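What follows are several structures.
Two complexes follow with chain A in common, the first pairing it with chain B and the second with chain C.
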Partner chain A sequence: MAAPLLEAPRSTPYRRSTSRRSNYEMYSWLFMRLSGAVLAVLVIGHLFVNLMVGDGINGLDFGFVAGKWASPFWQVWDLAMLWLAMIHGSNGVRTIINDYTQRDTTRMVLKTLLAVALVFTVVLGTLVIFTFEPCPVGPDGALLTGAPSFCAG
Partner chain B sequence: MATETRTRSVVPKGTLYRGREGMWSWVAHRITGLLIFVFLLVHVLDTSLVRVAPEAYNVVIETYKNPVVGLGEAGLVGAVLFHAFNGIRVMLVDFWSGGPKYHRQMLWAVGALWVLLMVPFLVRHLSHVFGG
Partner chain C sequence: MSSTAREKSAAKRNGEHVDENGHAHGKAGEEASSENGELGAIPSFDVVMRIRRYNAEDAEDGTPVEARWEDFTVTLHGTDRVLDALHKIKWEQDGSLSFRRSCAHGVCGSDAMRINGVNRLACKVLVKDINPDKPITVEPIKGLPVEKDLVVDMEPFFQSYREVMPFLITSGHQPTRERKQSQEERERFDDTTKCILCAACTSSCPVFWTDGQYFGPAAIVNAHRFIFDSRDEGADVRLEVLNDREGVWRCRTTFNCSEACPRGIQVTKAIHEVKRALLTRTV
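Showing the complex of A and B:
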């Protein structure tokens, strides 16, 4: 006896949801993973160069920062790390706020504070990297105290 | 039951989720992520002192060079390394076909990698902090 012919269910591509909302949360989920992969390299490299190489924590001062930001390589590194970490971190904290707040006003207030902190920190950090002056001089034209020794030469 | 109807708690009773490794790694991932975020806000602020004056930056960084902050830094590095390796584990669970099956073994790998990097780091960092 021939097997009964069964039509394949839903043989045409179909949409699981009829919702017309955006895919924002899916892109946010994907972004956490992509940015996390890049951050793993940037952050571990950052910690290694600042804490393990040379004098480690004891070597950190203005001159150390000036030496690093003299090179576009570290400027780009730090800029990428700043933006990715701040957006990744803020997006993560947004999830945490969504999970635990119960009142709409609490959620609104916390998310507003978070957005302010994100914009403020990213703008400040970006300005610092781009306007950094390794050999700053005072109004009298003399090098400020604490300027690295390579400025005098 | 009268007592049940009067409760205003939104948390259902008696359903404590015990998700073992999966749950605890998630808790730790969440706490370390939040901790790193708060630190990052402060870290960008203190670094921005390089735009005020070399002295301003040096004075503040100098106040960090004591055992209390030094131990805090060690804890922070530990938190970052856990969050980074566990984050990669989360990606493997999500994207690798064997991920969900081996998620527990991968947590052990995260722990092993963490110890492997923390030991040399602590030796070096703590000798800077306490060795002067």
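Showing the complex of A and C:
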């Protein structure tokens, strides 16, 4: 009589999802470190210039922002801050979703929502930075009504 | 020896608080002074052990059972460890209490459990050191399926361990002499050779708690032990395993593992060294 065949206890439920040989997680981890360091400089510089220099927070109005974005330096600064902060934050939320979602469908839905929010914010922000026109003029070349008062000067 | 003096010395042995009148605080002091036994009697104290119980057979009508807390009061001495308290319960009060232990001296790694909310080896924690005035909670380690009371299924843990190939990998002919190694080369991975596979680190890791897919600190520590061994030639293979989606990059550097390790291994540091080896591709 053959010995009864015993199945290995509970070998299947713990099978790890198959490895996809890629360095994606490594680059994602590295990006978080590097962008974090750059963002610390960008954000603190941003806060300092907006809130401390000159009139400080009292000088912060539409005209101040218009003045800043007239200079390519601040355009690049704000663009870098926007992109880095959005990708850094979204990547962080992605890892949280990976950690805490149980079902694959939930994970898919949440990650899709996250990607849409990321792309929408980045595209809209980039458009605003480069197409910003503080003194909009109509087809006839005259200032539109509602333009800030400094445009008339 | 007056009763106050006796109380004082008993309290001192138990490492307790003594107020200006010489009265000890806490159950240990009360017990010692109320005993009034003969000179030199070993002071004892009562402590409440609050233990997480689970038994799948508790279900009478086939419905799944919930784990529950159960309190046991045991009389202990200052030299007793949590494991001794568990033994007293099992041997004298409730024989159905289940837990693992083998050597009972901090080497085999069988009795890792969550004591007062932190992962410890029950055989290495003196009850008097963890405030016996309050009930002492003892739970199974988190993140692994509970089988009964404090016994968990260690299979997911050992599966991760096996996947990092914790054995010497070499190529070429077997040398006719021993494989030589300098003291510096040995020192490189000395810390991670101390692992006893108790799972205290892995089951203290919040990332492991979430879905158990993460390799966990213990597997990475044991990979580190071979990756940085100058005699081993399998570093690339192991690094590739840990470069996985569930590998070292899921580490959030919370240091829970380093704090939980009963052998004092700098686990987070070892994980970081593996990360660095992956980034630079040099060992």
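The definition used in the following text is that the second predicted complex is superposed on the first by the 120 of 153 C-alpha atoms of A that agree within 3 Å, B and C clash if a C-alpha of one lies under 4 Å from a C-alpha of the other, contacts with A are read in each partner's own complex, and residues count from 1 in each chain.
We take it that a residue touches a chain if its C-beta (ideal position, glycine included) is under 8 Å from a C-beta of that chain, and two chains touch if they have at least 3 such contacts.
Bear in mind that the values here come from a model prediction, so they are computed numbers and not experimental data.
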{"item": "Partner contacting more residues of chain A (chain B vs chain C)", "value": "B"}
{"item": "Touching partner for A:44 - first (chain B), second (chain C), both, neither", "value": "first"}
{"item": "Which of chain B and chain C A:76 touches, first, second, both or neither", "value": "neither"}
{"item": "First, second, both or neither for A:124, with chain B first and chain C second", "value": "first"}
{"item": "Which superposed partner A:102 touches (first chain B, second chain C, both, neither)", "value": "both"}
{"item": "First (chain B), second (chain C), both or neither touched by A:86", "value": "first"}
{"item": "Which of chain B and chain C A:57 touches, first, second, both or neither", "value": "first"}
{"item": "Where chain A meets both chain C and chain B, residue numbers", "value": "102"}
{"item": "Parts of chain C lying in touch with chain A, wherever the complex brings them together", "value": "153, 155-156, 159-160, 163, 207, 210-213, 240-241, 243-247, 249-250, 275, 278-279"}
{"item": "Sites on chain A touched by chain C in the complex", "value": "9-11, 14, 16-17, 19-21, 23-26, 28-30, 95, 99-100, 102"}
{"item": "Complex contact set, residues of chain A against chain B", "value": "33, 36-37, 39-40, 43-44, 47, 51-52, 55-58, 60-63, 65-66, 82, 85-86, 89-90, 92-93, 96, 102, 117, 121, 124-125, 127-128, 131-133, 136, 144-148"}
{"item": "Footprint of chain A on chain B - complex, ascending", "value": "10, 30, 33-34, 36-37, 40-41, 44-45, 47-48, 50-51, 53-55, 57-58, 61, 64-65, 70, 73, 77, 80-81, 84, 87-88, 90-91, 94-95, 121, 124-125, 128-129, 132"}
